[in-house]
């Protein structure tokens, strides 16, 4: 025991010496503040860094430098986790998936910002301008509590990517109508108003073999109707499955109800199982790679960009690549709508879905000096002006005045669907045990996806595991 | 006690006293360097002592031991120590629990099945990949054993796979195996007209991983075996030709004794590496289709879930197995060579 | 008959030639096998020259040339050098101007870190190997085995204390730190290899040199070392190949300024908000392959002789 | 029929010609030594007979069959290698038994053959040892044992005794000769040691630069060397080869100027065919008699260095013109350094070599 804590003590106290040696960046002099930030390497963070360098003028008059460590996505968690847990204390800002909050708050790494919000009315106003669903998902731990931690970096939602040339083709429209007695969705609004049944029909309808015709053209390769994530890695089936579970009236283990809420009886409730079954039912209309359990968000996106599927449900954050003619064979044939939902008895569609995207957070070893500059920076970043610029450069914003502005929809073809989806966003657990919950669940879902066990067994196994684990952790009584 | 630069006992005593005093009295970032200086003092005393006594062995080995100790052995001992505590790297609390981690990873209802499953899979991968590498590496080496025109240029082609980074080769193998874009499915579909998916069953996924791994690392085995082959004096083969010894007998009586040592070395190193198989699995299946290996499992436990001490316990159990296995190899190798 | 033979032989197709040699017939067979073995690499190299939209073409494009119509047009792609440019300069934001990707730095880092750590390990390890070989300590074999065990644990288990230690002594993100770590990483293999070479040397020569008045240091440098040059080269190549592609330590211990190519390579696996950028990845890997390929090629003769050493003189 | 014949065999390694147009015939029961300095092509010739190298042109005929195309395995031969080529991983007994596997003998038969041969070669005691555990002489005997354990077409020996010390070499020479005599096979032995060749061979083939210079019985090559090279190569101490001007020939005697001295000596009648020209006169050191006084057939020289060789004494003498002449005299003939000598060559042992280096002989 003494060894570990002692070493961590060492680490804290030697910050200054270490900084001098490494030429590192955690410490700064009075008028020369450096903020070190760990971010995944992708356009939204590149844009943020660019804007900062080009446009940020600190009100304090200090010289503020944003030192950004761009880490490739696949290794981002590994790098950040190792840095935090080893006591490296290298970063002041960290871009963090929302589900990581609990683990790193409990570890003492993420700084609670309630005091900063309370002390600064402007800051408070900024925080309140965030869409509540996003605010809860990105900022609170425990989920939906009053404890605040993060600010939106890139809010992300699932939307439907469609191919206009296929969906709006007259022949296909007519044939679809004849077969299912419903209109084949073609415009963004029609897609936003699409339920899973229509989505399923599209899947069935557009399964074509090589040599058959599609929209009047002879196919030189197999074609598939639909795709969504159903992969074993990270959370690449959980997001889909949660969406289905919620829409069917089931639920995941709800941490806002801890410690009286249960996993058993909830996660494997008939509604949740029905959601799972629905999720599994659609897989048979998807490209064959789904059978290998590796159809993650990137694989389904790639299939869509290569023109192998008619529709794909995927993150908004992956949209840029499909617009670029270099990386997309369908760049001029795109149409976007909200992700499909479940039509209720009242005819209304339930679009509840799992939120994606990332907040960024402050770390506990950030000095008051740095914190002051950090808050100023966050306020600037979340200001409507910057958020508009960010959105125009391909980012997304959860600031009300920004996404509600009519010009927001003009920035990118999916922005309308994005704004409409915000109300429906929910998040998974923020508890420190999230990775154990996630890993076991992903393993179980993978077994179901690859046809090794049925939905009920899967959900029973997940529920039992979660019940045991959370009981041990004291989160379930 | 005599005061002289080679008196290491005195140096240790002084070092200990000063270190303890510094650790108590001074802030850590100062005492750290003082403790370091004391360690250097002790080391210097050892070196001077060894030099004066003409104890060159110790002198020569010292730098290597020092580097290994700081960079490898100290972290290893640290992890070993942690395996007796209840400790998660993302939490501040730590408490001694003896062997509980070991019993937990072996018997706990929630944890143990996954551990055992990963272990069984790892054993399977070790056997399959190492066997495949040994066979392919050996056959390649046989091809290259004789001198022939352009050998140098063809050999480098075969050596290239092991120079690739695992990320690139793993990602590209996932492409080769992809049912929509990949070459494998394209060729098989063109022949059978069906829809071939390699990675949709355990057998297929294991084949895919083993193939990629064997492809990458057979050249390593080849190089060692080839080195053995070219070291066989040519006249032995000439004598065998004149004595009309069959190829089969030639191999076992002449060739094999020369390559046995190197094959054992290859086997040793490849086995050690095979136990660490994780990257390819992550890139190709994410552990799906029951291909989870103990090393990947360990990454999840120790890194993703931050269960540091349980991870340490698993890795020490694994280390124990590797040590037993490698010692078995070495024992057999020594016994055989003494029998000669 | 005789004339026929000579033509036949000129082409290299000899039946019963010298026992240790083979002719062009063998070359042909081995060339076919080697090329098949090399195909996955060749495909990566070809991908580096493909236009981005040809990377995932179905059917796969396999050749930059139709070889005078031998290969059907659908399998042929038009080669481009664009991807190699993208490795160093490309737009990192939607519609943004091309900017430096930092890969020149990463290549530089990889070369500096890999070569210096392998060389350092070679120096330290060769000394140690000579020590273990000529001045056996008590429990020599045990020490050697303990050294080997440092290679047995997955890196993820030892990494946390190393990160912490680096932080405390101020080595994180520095060249010194990662080079020292890689040195240790290479030591086990170096010591085991070099010891086996020293073990095989004839002690008579060294004894003779001592009788002639050479000091132990002189014996090592003038007598022992020159005899194991090939072994040094072989060990260097093996060490280089392993270090060159090391990923996990590099990921966790290098800073933005000391990042190596294997870490940065993942930029192409998931970058720009999408999955794998196949042509970019292939271009990075192709460029990254060149140095280690050249070193191996030029040390190839030593490689075989070096490894052979142990068994030559029985 | 166990015979070996090579006809016009040539071996080229790239541009280098190792053996040129070699002709040789070895009858059953005959032992032919290929003798020559190192690099002369003798080992290459042997390896072509064995099939370890392929002849570039010419024919290799063993037991009456042309075997150029056949690999060693199919030639049914036995060979003893210079470094013995003992299989390091097999015991002495297993080494001897190796050639027997091909014949598919029963284990008992094999053992019987092995123990018989082991007895002949005095290896019975060491059958279970490994090759690296036996002495150098035993290794040599083992190599021979492995060759004679079966009944091949012919035997080939590549410098079989070169690794033995003088004494062992002497005794092994006898043993090998004894063994070979009993076998009546065609045998070729490659050696650079003329003593070995002279004692063991029925005939000797002397090679230089890839060409067989002379083939003949030990006596023939000694007594009638066909050219300067053979003359100088065979015989210890080396034959004196002195440049001379042939003036005239008559009455069985030649008038020459040798070392600046006119000399009238008996010569082969064939010398009469030569026009006056430069010749080389070859006289073996033992073919001189020392006489008191200068005569028409004596060469004057001064003793410069005296080497007692036991039964005889070797004198290095210098002529007035500075030439060096080696003379062997009986031990009891006392000569002092600086003493003037008059040397009379034995007319029957005086060889004349023409300008082309070839012996002039009837």
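For reference, chains read A, B, C and D in written order, and residue numbers begin at 1 within each chain.
Definition applied: a contact is a pair of C-beta atoms (placed from the backbone, for glycine too) under 8 Å apart; a residue touches a chain by one contact, two chains touch by 3 or more.
Treat the numbers as computed from the prediction; the structure is a model and nothing was measured.
Enquirer: Mind listing the chains that sit against chain C and also against chain D?
Expert: Looking at chain D and chain C together, the chains touching each of them are B.
Enquirer: Would you identify the chain whose Cα-based centre sits farthest away from the centre of chain B?
Expert: So the farthest one, by centre of C-alpha atoms, is D.
Enquirer: Give the identifier of the chain nearest to the protein's overall CA centre, each chain being represented by its own CA mean.
Expert: C
Enquirer: Quick check: which two chains are joined by the most contacting C-beta pairs?
Expert: Ranked by contacting C-beta pairs, first place goes to B-C.
Enquirer: Rounded to the nearest whole Å, what is the centre-to-centre distance of chain A and chain C, using the mean of the C-alpha atoms as each centre?
Expert: The computed centroid separation for chain A versus chain C comes out at 39 Å.
Enquirer: Centroid from C-alpha atoms only, then distance chain B to chain D, rounded to Å. What do you get?
Expert: Whole-Å distance between the two chain centres: 60.
Enquirer: Averaged over CA atoms, how far is the centre of chain A from the centre of chain B? Could you give it in whole Å?
Expert: The mean C-alpha positions of chain A and chain B differ by 37 Å.
Enquirer: Distance-wise, how many Å sit between the C-alpha centres of chain A and chain D, to the nearest whole number?
Expert: About 92 Å, centre to centre.
Enquirer: If I count partner chains per residue in chain D, which residues reach a count of at least 2?
Expert: Answer for chain D, listing residues that touch two or more other chains: 51-52, 71-72, 88.
Enquirer: Where does chain C touch two or more other chains at once, residue-wise?
Expert: Each of 19, 56, 58, 159-160, 168-169, 265-266, 269, 276 in chain C touches at least two other chains.
Enquirer: Going by the contact rule already set, what residues in chain A reach two or more other chains?
Expert: 10, 14, 17, 78, 82, 85-86, 221, 306
Enquirer: Can you tell me which positions in chain B touch chain D when the two form their complex?
Expert: It comes out as residues 233, 235-236, 238-246, 249, 253-254, 256-257, 340.
Enquirer: Okay, in this complex, where on chain B does chain A touch?
Expert: Chain B residues touching chain A: 27-29, 32, 78, 81-82, 85, 87, 89-92, 94-96, 109-110, 174, 178-181, 185, 195, 197, 199-200, 205, 284-289, 300, 303-306, 308.
Enquirer: Can you tell me which positions in chain A touch chain B when the two form their complex?
Expert: Interface residues on the chain A side: 1, 3-6, 9-10, 13-14, 16-17, 77-78, 81-82, 84-86, 103-104, 106-109, 221-222, 231-233, 287-289, 291-294, 303, 306, 308, 432, 435-436, 439, 443, 446, 450, 465, 468-469.
Enquirer: Touching residues of chain D toward chain B in the complex: what are they?
Expert: Checking each residue of chain D against chain B gives 50-52, 71-73, 75-79, 81-83, 85, 87-90, 94, 98-99, 101-102, 130, 146, 156.
Enquirer: Mind pulling up the chain B residues that touch chain C in the complex?
Expert: 32, 36, 55-61, 63-65, 67-68, 70-76, 78-79, 89, 140, 143-144, 146-152, 154-169, 171-173, 175-176, 180-183, 186, 215, 223-224, 226-228, 230-231, 234, 237-238, 241, 258, 261-262, 265, 269, 272, 275-276, 278-279, 295, 298-299, 302-303, 308, 311-312, 315, 318-319, 322-323, 326-327
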